[in-house]
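What follows is a short report on a single structure.
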Amino acid sequence: MQTRPPLRELGLNSGKLARLHRILFDHGLGNGTAFFLPYDQGLEHGPRDFFANPQASDPAYIVKLAVAGGFNGIAIQVGLAEKFYWDYAGQIPLILKLNGKTDIPPDAEALSPVHASVEDAVRLGAGAVGYTLYVGSPAQEADFAQYRKVREDAHRFGMPLIVWAYPRGAAIAAKGGNDSFYAVDYAARVASELGADVVKVNFPHPEKTTAVKPAYQAEFSSQQAIDAVVRSANRTLVLVSGGEKAGDEAMLLKARQAMEAGGLGLIFGRNVWQRPYDESLRFVDSLKEILAAHPSE
Amino acid sequence: MQTRPPLRELGLNSGKLARLHRILFDHGLGNGTAFFLPYDQGLEHGPRDFFANPQASDPAYIVKLAVAGGFNGIAIQVGLAEKFYWDYAGQIPLILKLNGKTDIPPDAEALSPVHASVEDAVRLGAGAVGYTLYVGSPAQEADFAQYRKVREDAHRFGMPLIVWAYPRGAAIAAKGGNDSFYAVDYAARVASELGADVVKVNFPHPEKTTAVKPAYQAEFSSQQAIDAVVRSANRTLVLVSGGEKAGDEAMLLKARQAMEAGGLGLIFGRNVWQRPYDESLRFVDSLKEILAAHPSE
Amino acid sequence: MQTRPPLRELGLNSGKLARLHRILFDHGLGNGTAFFLPYDQGLEHGPRDFFANPQASDPAYIVKLAVAGGFNGIAIQVGLAEKFYWDYAGQIPLILKLNGKTDIPPDAEALSPVHASVEDAVRLGAGAVGYTLYVGSPAQEADFAQYRKVREDAHRFGMPLIVWAYPRGAAIAAKGGNDSFYAVDYAARVASELGADVVKVNFPHPEKTTAVKPAYQAEFSSQQAIDAVVRSANRTLVLVSGGEKAGDEAMLLKARQAMEAGGLGLIFGRNVWQRPYDESLRFVDSLKEILAAHPSE
Amino acid sequence: MQTRPPLRELGLNSGKLARLHRILFDHGLGNGTAFFLPYDQGLEHGPRDFFANPQASDPAYIVKLAVAGGFNGIAIQVGLAEKFYWDYAGQIPLILKLNGKTDIPPDAEALSPVHASVEDAVRLGAGAVGYTLYVGSPAQEADFAQYRKVREDAHRFGMPLIVWAYPRGAAIAAKGGNDSFYAVDYAARVASELGADVVKVNFPHPEKTTAVKPAYQAEFSSQQAIDAVVRSANRTLVLVSGGEKAGDEAMLLKARQAMEAGGLGLIFGRNVWQRPYDESLRFVDSLKEILAAHPSE
Amino acid sequence: MQTRPPLRELGLNSGKLARLHRILFDHGLGNGTAFFLPYDQGLEHGPRDFFANPQASDPAYIVKLAVAGGFNGIAIQVGLAEKFYWDYAGQIPLILKLNGKTDIPPDAEALSPVHASVEDAVRLGAGAVGYTLYVGSPAQEADFAQYRKVREDAHRFGMPLIVWAYPRGAAIAAKGGNDSFYAVDYAARVASELGADVVKVNFPHPEKTTAVKPAYQAEFSSQQAIDAVVRSANRTLVLVSGGEKAGDEAMLLKARQAMEAGGLGLIFGRNVWQRPYDESLRFVDSLKEILAAHPSE
């Protein structure tokens, strides 16, 4: 089992430390782990994601679910934050997602344009900001340029920066795809090299070896892969995302392995809210049992 | 008994609401009351205030005391915030005091110069900012000018603004002094008129009637006076300060009356830390019993 | 004996830490103590200070003396820094003094106007900046306003901020003068409250009790007084200044007491360079023996 | 043997001079030569570079190695600098790499996007900044535009500018490749023409004559080639990079020739840390023997 | 005889060096000395200064005289520079005076307000800028603030900065007046401490000992006094001004002593143009003979 580095040894300034501490110790299980509810799919995929559970189309339903489920925070775009967060302000941490895009144009030169600022997040009383970095995209220049402003502002305002580090674009597609161990491992490292405080990654698939770099063509277990990803992120804390809704057992296994690897926690959206309310809470409870077993020292 | 207005009915924006909610419900008694520890006397009066309990000279001692005593926050200047708050960041809310002065020059034209910004407060992860307004001072123009910038920034960043509303200067001295019912009532109202979210006042002395405006020369009980002060502040929440160290019974009475009046809570410094550690905590417990009896609905 | 807090526990950001570390461990005795040579008297008093040793009028002589004497840094104004430091750039740390004044006008409302910026200091390759704060002066508002900009810039650029904390002006004159224990103790605390990283104070005179606050009218030894001053400064490191040239034995005693009190070190100008070169170096050696006995852990 | 120009004759301003002096004389061998450890491969190539020595994945391991090996500095990206440098701040100079990219997209139109600023470097207490210029890339316009801002800021803040001058892109591939004598010689000159203070080049391969400009199709020894490259850089000091891990003898020969040519020093990463700790230090010692034989006058 | 420091050893940046070199070696005697014609009296005193030689009221007359007399430059305000300099642009260096005032209000709190910028000087093709600093004036704060901007701009644009360092105001009047050795010596030093490249001083009067600091109450010859002033200015080059028209022999003696002291040269206005044209040129020739005897090495 790998261990998570203590908050106080990450070189964070006072504001980042205070905000992360509140998220990790005043909310959720309060044991230093994180369990976030992302709800940016309305922008990223459109309302089709809500067809499985039409109530999930209503942001108020989701915020209530997040409070009831005892999450450490909810990640939403600025529009929903403006219109729904004041109602629960302070009851659950807000992670303001600063960029996003529709999935209508093709992803070959993917870039997630910034549409809100760190200052918006401060004004709304957010606990952290989120930024999607498309690692390996040919649009890397524009991505790094807008990311740099976000990183600098996040530092200036003491706001923790969570990077959604997603391999994307034509080049990585040609090198084994978005979720190979190679791609996810590289993405985690890039977020760390560029100054993310927390990185959200998809669970790596070490069995996807076609066309990846030779070093990744050996045999690795899932646990070995996620262990390596967390090490690559070093002092950037790691969140494992749920991705598309999948079988619960598979999800719980991923969660367990992520926490064994020294991950900070989980960020599960569709797997949580694409089911009826009570079932959501039951699934949430199973995940929280895993988190409860991995408190920070 | 007067009742405190609920947070959600004060017209606060999302950030101010989130931050006040965290201060009032994630810390202290978590019942919507406030109990703050002010520690700006090192600047305002100099180290002589620490002679009664030399340990109190050490800011680390004070922060530890605030955490141990279960306070809702600690009010300090930027220098101590930079050097001591990171050690406890997130464990207790920080109220960054933005102005202050030494008591070396005379007070006839008192003005408390700004030496830190709301942006400093955001950066440090503070939960609120504090500003001393010297109500009635001939330096009122400079005071209002610098206050206006603070108020605007506090609004822009969603940072709750706590005003230390202190009658001060030659003119109020000639009209009955700093702590008459007349002076304190007027000060509370000025803070409210100028946009304070919370106002800190000294307990009013209705028996000081010499030279005050005729309306205040009638007989008023202490309770009537503090009731009126809280009404004057309307949707600006009221904190009653302890002032110089005095007898415990007198203090507890003041505290009880303040809470009966619908006050938000207490801000007691010297009365708390100018005694040995254990005695401090015992006194704090007596005060918290009073707060516990006045939860928000 | 009181101990000095370790650099790493002062809440300093990376830049301030790196620069202070270089000053304290790559120069002078390299043992974590500081011995600085101030040379701003040409502005503060005029060339008359050089009459005792005319060579001292030449800044090149002084920089050479600082290098030969193994000082941890030299404190000069921007004009001399521009014209003389390049010649020794990197060989000895530069402390750029950002404000200063002539002693021609009276001191009743003393203010030391800023004439250089933290950015000048960065550009010149300085290791720290210096600012004179006239504690208790009626010009406090203007002083705090210009100081605040310096503090913010120093934080932004990671530049250690050394405050010359000098009680000054009509009000302190009426309360026992500039160098009473009361005045010096208060000045040290003010620098700490306002965010100085290092404070330069004059040695306190506990025997000057006339007109000081009652708490300071008791009997205190020199050692007790300097101990208290260092405690008042808490995580702001303390430099004791030499002031006007005086007897060597008296100076060495002051130095010894300052270091016993947990001071960071000494800043001696006129006592060093108002004598012939060889004699300067001999006196410097006696002082360095004292510093050598008080290494940082 | 060619000689290195003295620091004081390079037209550097005071800040650049002070910072270079500290790097070259307060660290490493302290004899005016430079030995840097670059650690930007996590971004440039991904974690696969750490598979040979998994410990090297941990930036803390690398910083410790750099301190133990007595390097003159470590070159890292902003994310690792924020999270790891404070721990060693001042103990070893930081070279903040301001741009970088993943190697996922193809290199035909290579551009290394800026993701950090010279001001970040100042704030972190860095001793120099690094910029990768892809000489000959079709993306030259965007490259020069972002480089110009870096150069101007580096001058304004007195921060030495080290240019990684790398021939790259489709056009140079068609003219003999990235490491021909022609390409490297041209790259060194470009850095010098555009204002680099130090230039990092790969060792030139004079035997790669296919498709290079006629002037470079003659027979040149390795020594003649590196001599020419250093002359082309004139008052821009030259660092020779190790590149991919190769045989030790070959590396030592390159190093010796680079120093004979009047180079400033070496910048070796993978050749150092892609082996066990003790072996790294042994190899470092062999390289330092070479540097020791070429002190600055 | 004291010697003047060579231009290349003054720490000047490239632009200041280039402009000073042109002034000192392409104009006047071309031997490294300076002879400037100041013509700001129309603002400082009004047209009454032209009554002695009415032609001098016409700026065109003065510029012609400066060209004919072989001066190294002419110092004028922006209005005359705009309307008259284009006619002779490049034929004689322009020193743009950036501040000035009328002599109508009293001088007790003298301040010379800025009315033109260094950027104006660049635009006009000036060779240097001039600034009047009233050393010791109670208006010191405002003076330092506007001076600081001029100094920073002069550095940024590589424009030599000539400071008219004039003791002035109630406080210096009470300490022996504007032209005592004490006052002039202090003024020269202040200009140097604050970053002047060249300082213009009045000739010191060592015989004025009433009320000056004790160090200046000893007996000093004129030569000893001017020697000391030049030493106080150290690497700031010294110009001695003529002041009010006086006897030629006295003037020539001052000039000779100034050059013996290592001064850069002379700046004589009224003594030159308050007489008929031919007589002016004859007097100029006598002064140039003195300058010719003191070439730079």
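Labels A, B, C, D and E are assigned to the chains in the order they are written; within every chain, residues are numbered from 1.
As a convention for this text, contacts are C-beta pairs under 8 Å (C-beta built on N, C-alpha and C of every residue); 3 or more make two chains touch, one makes a residue touch a chain.
Computed from a prediction, not measured in an experiment: that's the story for all the values here.
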If we look at subunit B and subunit D, which chains touch each of them? A, C
Length of the shortest touching-chain route, subunit A through to subunit E: 2
From the centre of subunit C, which chain's CA centre is farthest? A
The chain pair with the larger count of contacting C-beta pairs, comparing D-E against A-D, is A-D
Shared numbers divided by all numbers used: is that above or below half for subunit C and subunit D, i.e. same or different? same
Distance-wise, how many Å sit between the C-alpha centres of subunit C and subunit E, to the nearest whole number? 35
Chain centre separation (subunit A, subunit C; CA means) in Å: 49
What's the distance between the Cα centroids of subunit B and subunit E, rounded to whole Å? 58
Multi-chain contact sites of subunit D, meaning residues that touch two or more partners: 13-14, 82, 85-86
Once the touch criterion is applied, which pairs of chains come out as touching? A-B, A-C, A-D, B-C, C-D, C-E, D-E
Which residues, counting only subunit A, touch subunit C once they are in their complex? 11, 13-14
Subunit C residues within the subunit E interface of the complex: 40, 42-43, 46-48, 50-51, 54, 57-60, 77-80, 82-87, 100-102, 104-106, 111, 113-117, 120, 142
Residue ranges of subunit A in contact with subunit B within the complex: 13-22, 25-26, 81-82, 85-86, 89-91, 94, 119, 122-126, 156-158
Which residues of subunit E touch subunit C once you look at their complex with the stated criterion? 10-11, 135-138, 140-141, 143-145, 147-148, 151-152, 155, 167, 169, 171-172, 175, 182, 185-186, 189-196, 213, 215-216, 228, 231-232, 234-236
